[in-house]
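Paired with chain B in one complex and with chain C in the other, chain A is shared by the two complexes that follow.
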Partner chain A sequence: MRREPARSLSDHLPVIFPALMLLVFFVIPFSIMIAVSFFQREQGGFYTTDFVFSNYERFLSAFFGGVLGFSLLLAASVAACCVALAFPFTYFLTCRTRRVQIAWLVGLLSVLSLSEVIIGFAWSTLFSRTAGISNLFVALGLMDQPTALLPGFGAVLTGMVYQALPYTILVLYPALVRLEPTLLEASRTLGASPLRGFFNIVIPALRNTIVATLIMVFVFALGSYLLPQILGRPQHWTLSVLITDQAIYQSNMPFAAAMAVFLVLISLALVGLTLLVGGRKDLTA
Partner chain B sequence: MSGLTLEGVSKRFGSLTAVDNVTLNVPQGTFVCLLGPSGCGKTTLLRMIAGLEDPSGGRLLIDGADITGVATHQRDFGMVFQSLALFPHLNVGENIAYALRIRGIAKADQQRRVDELLALVHLPGHADRPVNKLSGGQRQRVAIARALAVSPKLFLLDEPLSALDAKLREAMQVELRQLQQKLGITTIVVTHDQREAMTMADLVVVMGEGHIRQAAPPVEIYRKPADSFVAGFIGSTNLLDLSRDSSGRAVVGGVVLPDVILPAGLDRARLSIRPEDVHLTAPTAGGLTGRVTFLRDLGGTIETFIEVAGTTVTAVSTPRERPDVTAGDSIGVTLPAEACVVLKQ
Partner chain C sequence: MTKDIRKTGVSRRTIVAAGLAGAGVLAMPTVLRAQDRSLKVGVYGGYFKDSFDKHIFPEFTKVSGIAVESIAEPTGEAWLVQLEQAAKAGRAPADISMMSQVAMLKGQSTNLWAPLDLARIPNAGNLVDAFINKYPDGRVAGIGAVAWYITLVSNTDSFAEAPESWAVLWDPANKDKLGLLALVSNSFLLEVTAKTFMGGTAALDTEEGLLKALEKLAEVKPNVRLWYRDEAQFEQALKSGEIPMGQYYHDVTGLAAADGHPVRSTFPKEGGILDSGCWALSRASAKTDEAHIFIDYMSQPAIQGTMSRKVGTAPTVKRDLLDLTSEEFAGVSSEIDPIIPRYDLYQTKSDWLNQKWTELIVG
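What follows is the complex of A and B.
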């Protein structure tokens, strides 16, 4: 589709409102945060205007590097688990009747209405030794005695996957519904078993959707700070937890801002890299 | 028996019977068109042959072997879908080579076969093109080449030409028929276009409401339709009420047709006659006479609409073989017995 270039002020009118919102609620606060990250912290007070790199220097230590690495690893694991679970689920959901699909989607939407706090405490109960699912396993004879499944990496991962899964399914659903059902049938007539057709036709045909979903869940999981605290040990805390700690409990705004800027830059770089790798295959194909 | 045999094949979706007890034998190397209006069960029947739907009853046999329970990917049939279903993430060559790749055939052999198939469908040198850069006709050819990659036992096509414009469609019909004759492959095409069926098929299977109404060569379908449904679906026809008089002769509109024979036990029937078989003469005593209601002069042929025996009969003739009449005139209508088909009511 070709559009006439916008000439008069009224042609620009439709974009003014969103542009204004973006400016007021994103560009300005983010610019302030970047500025604050270069300010000097005042012990016992707030901060003074300055231009120092000490906040960033402090960040470049093994401890914060480790936390950053863990945060990225956790977010990537959550993204991978969510897509790996949601993709087949959504695919089979789209093969069902419309009534069944709607029932599932409404159920998933209602999961979204749960707050992160409720999800966290619900899972901490489920993983506890006294009232958790391990009691069920004992009753079924799968375990000798009930054990606490938290705190731990598995518990954090489970909670975060649970939280992000409805988003993942809702993002994948439109693309999978639009997928031509005859593509898989064609692969079957050409000699591919349904499973093989799923892996070398359905998944590659939706590669762009899968990459976009991975990025979305990754970014979503990177910002999580409540579930790691409820379900994990201190070594499972993410950078977001440390940012909150510095900003609210230590009153070290400049350092918190520096960490936040760093996190944004790293995640932007990773997203860019993913798009670059994903886009390059399009050119050669 | 060589070829494909359907034995009492049925398919029910809930309370709806899409295909009802279809029995058909398709000899090796035959080009078959499944023809019928939408919703007549022709696509469902094709999908059952491909294994994409499980029959609710009946058996499918290929060369005498029962394949009813064989999975689609083990049947070795080639199929062209209405949507074509080209794999969007693969280029032309990769699409065509897909079936070969699945069977683990060496890369060099795949390449050779792809070039061979592209030459066959008149697209040489297109192997590296992305499929979304092709025109409608080219996509069609790629889909055909892909389905033929492993020399299938059966070549199935579901409304393959419906997305093409009229001119290209006619050309592709001829091309598809020539390709089939060259390869000698048993081919089944689903279509709702009777012209397409007449152009391509050795055997036309007319379906209606899940049943086979008639299975016969195209000319026979046209000349000797089994019932008024087939007669009306294939080409245009005139249907007239036929009754028996006291001495047992066939009568249309009070006029005896001496050479038309009503089957024994039937007192009333329908007489089907093609517009080009209706002869027009000057009004004669004792013959069928009607009144001209409308003329459609197309230059090469003239369609004369005549009110006769309570219905409108259409006659198609060249300007030379008809009396010069205008709307409102009386005209004599002759129905040659050899062109008349008597159908049950």
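What follows is the complex of A and C.
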């Protein structure tokens, strides 16, 4: 089939609409943010239109470097945990009957209807000393007395993995469902164990999907600001939490914008680097 | 008379025309709306707004004929930012809002608050002078709505004895047991530190004094389980005993205790933190008349008394004008000399303080 070149306006329409949406809801707001990041902060007030670098200068310090480093580490951990859990799960899911698959997918989709606030408060109750799961362990005789499992890094990680897992599975599912079953059958006839088949056939065949999913979850987790606040200590606050503080509580829009621009640039750079490394491997392979 | 009317003769056509005109009036909502006066009022969400909706606003509507639509506003300066952004676009998400002192000062810097005319608010004369918020040039930016205390709160199941001093926050026995406000500009913990250990808030006049207070405050960190921005987060944990001690609002804690929760609010011997909220009118609002009527109504001693009894706030009206019994007054206020926040610092040194504070608690 040959694709006809677009001639009339109606041919262009399907492209124009998303392009317009992207312009109105992404390009314009992002440009405004970049502009604001160069404005002059007025202490005890708001800001005045200007072109200064002081907002970026304030950000370039060991303190904010540390917070940025932690945010990246947290997002990377969430991405790694999610893919490590979701990939085998989704693989086994695709081996089930269609009915079972649909039931699981509907269940996962319904988890997406929970807001971040509900997820945060639910986990903070589950991890609490007074009403949490440690009481269950005490009843089962596994623990002596109930303890609080939050605030801490583990609690933040659990909450964020819980939130991102359904997305991860839904992104991996189409690729795994389309995986050629004959590849695995061939490996079985050649004497490979199912485990070996999984690691030597399934994972390499879907390497690009896995990398793309990692990047998606990483970017998704980088923007999280509520769960680190509810489930973590101040040292577990991400850069997004500090951006919120500046924008909402200190009314320091220029500094908040500068931090946000920096965060976007860093994540774009990391995504670019990952793709670059992935691309090289493709050439050598 | 009847005869005369019959003589002039209202023709059937006139009646039909009048009827049509009447129907036309009914069908024209704009004409009706002129009589249907309303006002959007922002108050802090939660217990606070519920109490206002239940005990204060319906009476006001009954007396004035102005319907009140209450808007739940978030604490701190989040609402200020929203009001400012909206005013730039010529919109007012609320006509009148209850604003804290720090937010009032910040709003002044951009002329966010429409100047109020005291001549149209005769009851403003009842207020303690300090509760009339003015621009540097003397224009009135806001009128004191309510005052409130931030006190030392504890769970009665976990602490049988009420604590006596803010110094318990530093007690190593309270490791990992405290909930404190997360921001320098709403926790006022520097003032608490200065009053408790440095002889008064005047110690914060110099940068050296501020650094000393920050250093002392750093010793509290191991005791803090939660630095909260969102009140609901701490309130729930305090009630359940998950986080059994901390700083919180005296009024809300009183309401929770009245509901049967095992919590108490104590005025420490160094005093509670006295903060207050002003009624302020957004410059983007077109409801100037209604706003003045509303503020005048709220400044009456009788209404201030009702708010103290029902909402638990401290009055902004002079004590001798109020009909509160000394017992009722003691319930919402205290004879102990309060800690007055150093609002000037959050104006002149806000970024420096914020940076030091964030490094203190995050680092």
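In this section, the second predicted complex is superposed on the first by the 272 of 285 C-alpha atoms of A that agree within 3 Å, B and C clash if a C-alpha of one lies under 4 Å from a C-alpha of the other, contacts with A are read in each partner's own complex, and residues count from 1 in each chain.
Just so we're on the same page, contacts are C-beta pairs under 8 Å (C-beta built on N, C-alpha and C of every residue); 3 or more make two chains touch, one makes a residue touch a chain.
Model, not experiment: these values are computed from the prediction.
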Room on chain A for both chain B and chain C (clash or fit): fit
Chain B versus chain C as contact partner of A:S113, first or second or both or neither: neither
First, second, both or neither for A:L183, with chain B first and chain C second: first
Partner chain(s) touched by A:I201 [first = chain B, second = chain C, both, neither]: first
Which superposed partner A:G191 touches (first chain B, second chain C, both, neither): first
Between chain B and chain C, more extensive residue contact with chain A: C
Touched partner set for A:T97, first chain B, second chain C, both or neither: neither
First (chain B), second (chain C), both or neither touched by A:S10: neither
Contacts of A:Q145 with chain B and chain C, given as first, second, both or neither: neither
Angle at the Cα centre of chain A, taken between the Cα centres of chain B and chain C once the superposition is applied, in steps of 10 degrees: 150
Lowest inter-chain C-alpha distance for chain C and chain B in the superposed arrangement, angstrom: 46
Complex contacts: residues of chain B adjacent to chain A: 50-52, 71-79, 81-83, 85, 87-91, 98-99, 102-103, 130, 146-147, 149-150, 156
Contact footprint of chain A on chain C as seen in their complex: 76-78, 80-81, 84, 105-106, 109-110, 182-183, 185-186, 225-227, 229, 233, 237, 240-242, 346-351, 354-355, 358-359, 361-363
Interface residues, chain A side, partner chain B - complex: 180, 182-183, 185-194, 196-197, 201, 204-205, 207, 285
Of all residues in chain A, those that touch chain C in their complex: 41-46, 58, 63, 66-67, 124, 128-131, 148, 151, 229-230, 234-235, 237, 242, 245, 247-253
